[in-house]
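First subunit A sits with subunit B, and in the next complex the same chain sits with subunit C.
== the complex of A and B ==
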């Protein structure tokens, strides 16, 4: 399979790899996918309690190159956005940016799910 | 970083998929593309006679490799056709005797899909499971046989995991029960000793391109004595191959098949020792440097040049991406046409996640120790890098039992 240059770039130099303390109040964690499906993404955000801006994001992904690229891109995109702005990121935006072929669209769906799951986890902590 | 000085990239280590034509085979074939171009079925002139002589010689070479006689060799377009002809041909010929066929779940698709088609035509098929080591259970085979059973089709060596089935015992059991035994010997013939008499085989499929011959040519061994096996032809036409397979013979290809068989027989002793040493070196280098790696299938009953390894917590396609100067295969869903993880690995019961994480290494005649060293170094490097990226490896290191985690997502169709 031929990968787009952007997928290859994210695969070779993944952005924001790492782990934050999932118990910290300002951190939201999303863990989506399942090992038997061949894709698991963990995406974490650190949100400024005053401004509601996502100041940092980290990810780790088990999955194909497109899954790694989709989650790497997702961390880049959420950083600097408010929580509400980040919720507006659509999987189709990721598909477009990375030129994902139809068989890899589920990777972008999973990345969108990961963003939403992380935000939802953060919101629960604020309640 | 792996040293690139000693090896020429990319490295081909996918010799279960296909092999490079051996120079000795190519040399034997070349005249048959140009000066010697007759139709082997032309009985009334020199051009035809010369072509027929070449075909006869090749038939002898194939027969000799597997312990058969030349008259028992039906030349085909390859193993897919041989398997189709064997199973459909027997099913149709022996329909009066019974309608039951036994095979196993880890067969190649050309056997499984042939059986599925026969099911639509009223045949009953038993798909035997395999044990965790990939071998079938002989007692289960025995229990599956009924008075209606006409054929057992079990492969000699598996193309994905490289394990060797106990075909001699399977054949013995079949002969005791008066059931015909077909084996897809594509990965075994020419690589390990295979003899249709000693192994109690009635029909055997072989292919040239798996043993350093050309693509598009193969053979089906059809036993002529004790018992005499009969087939209904699946290709109608000029009645070539004693009526079992019509179609003008692919003379250059057949010459290549014959030469490949002869070379394989000549070199097998030395070559299997060399490939075994290379494979063990690869295995040793990988398993001594990485934790959580699993060999798929029996280590004891295995082709010398073959090994299939699951690298837990790393997805196969992402691993292939990281070793893009090395040609190997993965059982990951992402690399398959059907987007399903390997059904062979799933059949071993190791779980889908290990199928997603599997790599098949197929060492062959032209691989070197320097290539093995390069591949091992590169694999270790990339697996380590991807594990740094893997949330599963992190969870495993934290002592979390992944099988007990309630995963958020519904399994998507992937």
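== the complex of A and C ==
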């Protein structure tokens, strides 16, 4: 499979790989999987309690190049956005940005799922 | 042409191989008789290649309990009888059919001989798009502003993630004897779990074969959980070898 330049860039030079303390109150963690291929992805966000802006994001993905690139891109995109703005990110935006082929759509879905799961984990902690 | 076709006279015998054939009756293009499946029962001529699902290609009902040994035997017999070499001097359309049918045969056998791909294929025929399930669920969750339910239990995802972390460290830091023993034990227990999933799948097959459509959801569930475990076994194997 030929990866696009942007995928290759994120794949060889992934941004924001790492983990945060999942027990911290301002951290939201999303751990999601793609049943299609059995790959897993964890994405974490740190949210400023006052502004609700996502100040930092980290990911760790065990999966294909497209999944790594999608999650790397997702962390870049959510940073600096408010939680509500981040919820507007769709997998199709990622597909477009990375020029993913149809067979790799589920990899981008994984990244959207991870963002949403991280946000909902964070929201639960605020309740 | 007559020479090649002489070999095809055995066609009626071939029909006895698999009992549960659903015989589709068409008129033979060559002799006008009513024929069944790949060869005319009366004159033995190969019949036109038609688009067909893989179960029908083998004359099988859409059931999942398949006698794999009989299927394999059938495959070898058919590949001999449909072989393009036999038709090198036949009419252009027969040459074409033989190529076409041979490629159908190979695809059908490859798909049906394996329990997992067979199940996936059947689900697909029944309108279940395994490849699409995540996307569809995500779109629904997004549209309704609700949290998407992961298709497998959270513990399984945790387990897969943790094990992957461990494997990554093992790859970077090397595997000493203790770690190796631990990884071997993990691999063996995962393999045993995969075996139990196979049993679950077979139980669902039985239901399906008896006409219970609820079995579809069970099969999807097993296949989903299975894909995580089989990845892990594969990756463990890679580190261990």
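The rule is simple: the second predicted complex is superposed on the first by the 124 of 127 C-alpha atoms of A that agree within 3 Å, B and C clash if a C-alpha of one lies under 4 Å from a C-alpha of the other, contacts with A are read in each partner's own complex, and residues count from 1 in each chain.
Note that contacts are C-beta pairs under 8 Å (C-beta built on N, C-alpha and C of every residue); 3 or more make two chains touch, one makes a residue touch a chain.
Predicted model, so just to flag it, every value in this text is computed and none were measured.
Peer 1: Both complexes share subunit A, so when I overlay them there, do subunit B and subunit C fit or clash?
Peer 2: clash
Peer 1: If we overlay the two complexes on their shared chain A, which of subunit B and subunit C does A:90 touch? Say first, second, both or neither.
Peer 2: A:90: touches subunit C, not subunit B.
Peer 1: Could you look at A:40 and tell me whether it touches subunit B, subunit C, both or neither (first, second, both, neither)?
Peer 2: Both: A:40 reaches subunit B and subunit C.
Peer 1: If we overlay the two complexes on their shared chain A, which of subunit B and subunit C does A:62 touch? Say first, second, both or neither.
Peer 2: A:62 sits against subunit B and subunit C alike.
Peer 1: Looking at A:17 after the superposition, I want to know if it touches subunit B, subunit C, both of them or none. Which is it: first, second, both, neither?
Peer 2: first
Peer 1: For A:111, select first, second, both or neither according to whether it touches subunit B, subunit C, the two together, or no partner.
Peer 2: Once the two structures are laid over each other on A, A:111 reaches no partner at all.
Peer 1: Touch test for A:120: subunit B only (first), subunit C only (second), both, or neither?
Peer 2: second
Peer 1: Kindly classify A:78 by the partners it touches after superposition: subunit B alone (first), subunit C alone (second), both, or neither?
Peer 2: neither
Peer 1: Would you check which partner chain A:31 touches, where first means subunit B only, second means subunit C only, and both and neither mean what they say?
Peer 2: The answer is both, since A:31 touches subunit B and subunit C.
Peer 1: Once chain A of both complexes is superposed, is A:100 in touch with subunit B (first), subunit C (second), both, or neither?
Peer 2: It touches nothing on subunit B or subunit C.
Peer 1: On subunit A, which partner's contacts cover more residues, subunit B's or subunit C's?
Peer 2: B
Peer 1: Select, from 272-280, 308-316, 326-334 or 362-370, the region of subunit B that bumps into subunit C once both structures are placed on the shared chain.
Peer 2: The one stretch of subunit B in steric conflict with subunit C is 308-316.
Peer 1: Report, in rising order, the residues of subunit A that make contact with subunit B in one complex and with subunit C in the other.
Peer 2: On subunit A, the overlap between the subunit B and subunit C contacts is residues 31-40, 42, 60, 62, 103, 106, 109-110, 113, 117.
Peer 1: Could you pull out which subunit B residues touch subunit A in their complex?
Peer 2: Spelled out, the residues of subunit B in touch with subunit A are 313-315, 317-318, 321-322, 332-335, 339, 341, 351-353, 356, 388-394, 402, 407-409, 411-414.
Peer 1: Once bound in the complex, which stretches of subunit C touch subunit A?
Peer 2: Residue positions touching the partner: 130-131, 133-135, 138, 141-142, 147-148, 150-152, 154, 156-158, 160-161, 164-165, 168, 223-224, 227-232.
Peer 1: Please output the residues of subunit A touching subunit C within their complex, sorted ascending.
Peer 2: Per the stated touch rule, the residues are 31-40, 42, 60, 62, 90-91, 103, 105-106, 109-110, 112-113, 116-117, 120.
Peer 1: With touch defined as at the start, can you tell me which subunit A residues reach subunit B in the complex?
Peer 2: Where subunit A meets subunit B, its residues are 1, 3, 8, 11, 14, 17, 19, 31-42, 60-65, 67-68, 103, 106, 109-110, 113, 117.
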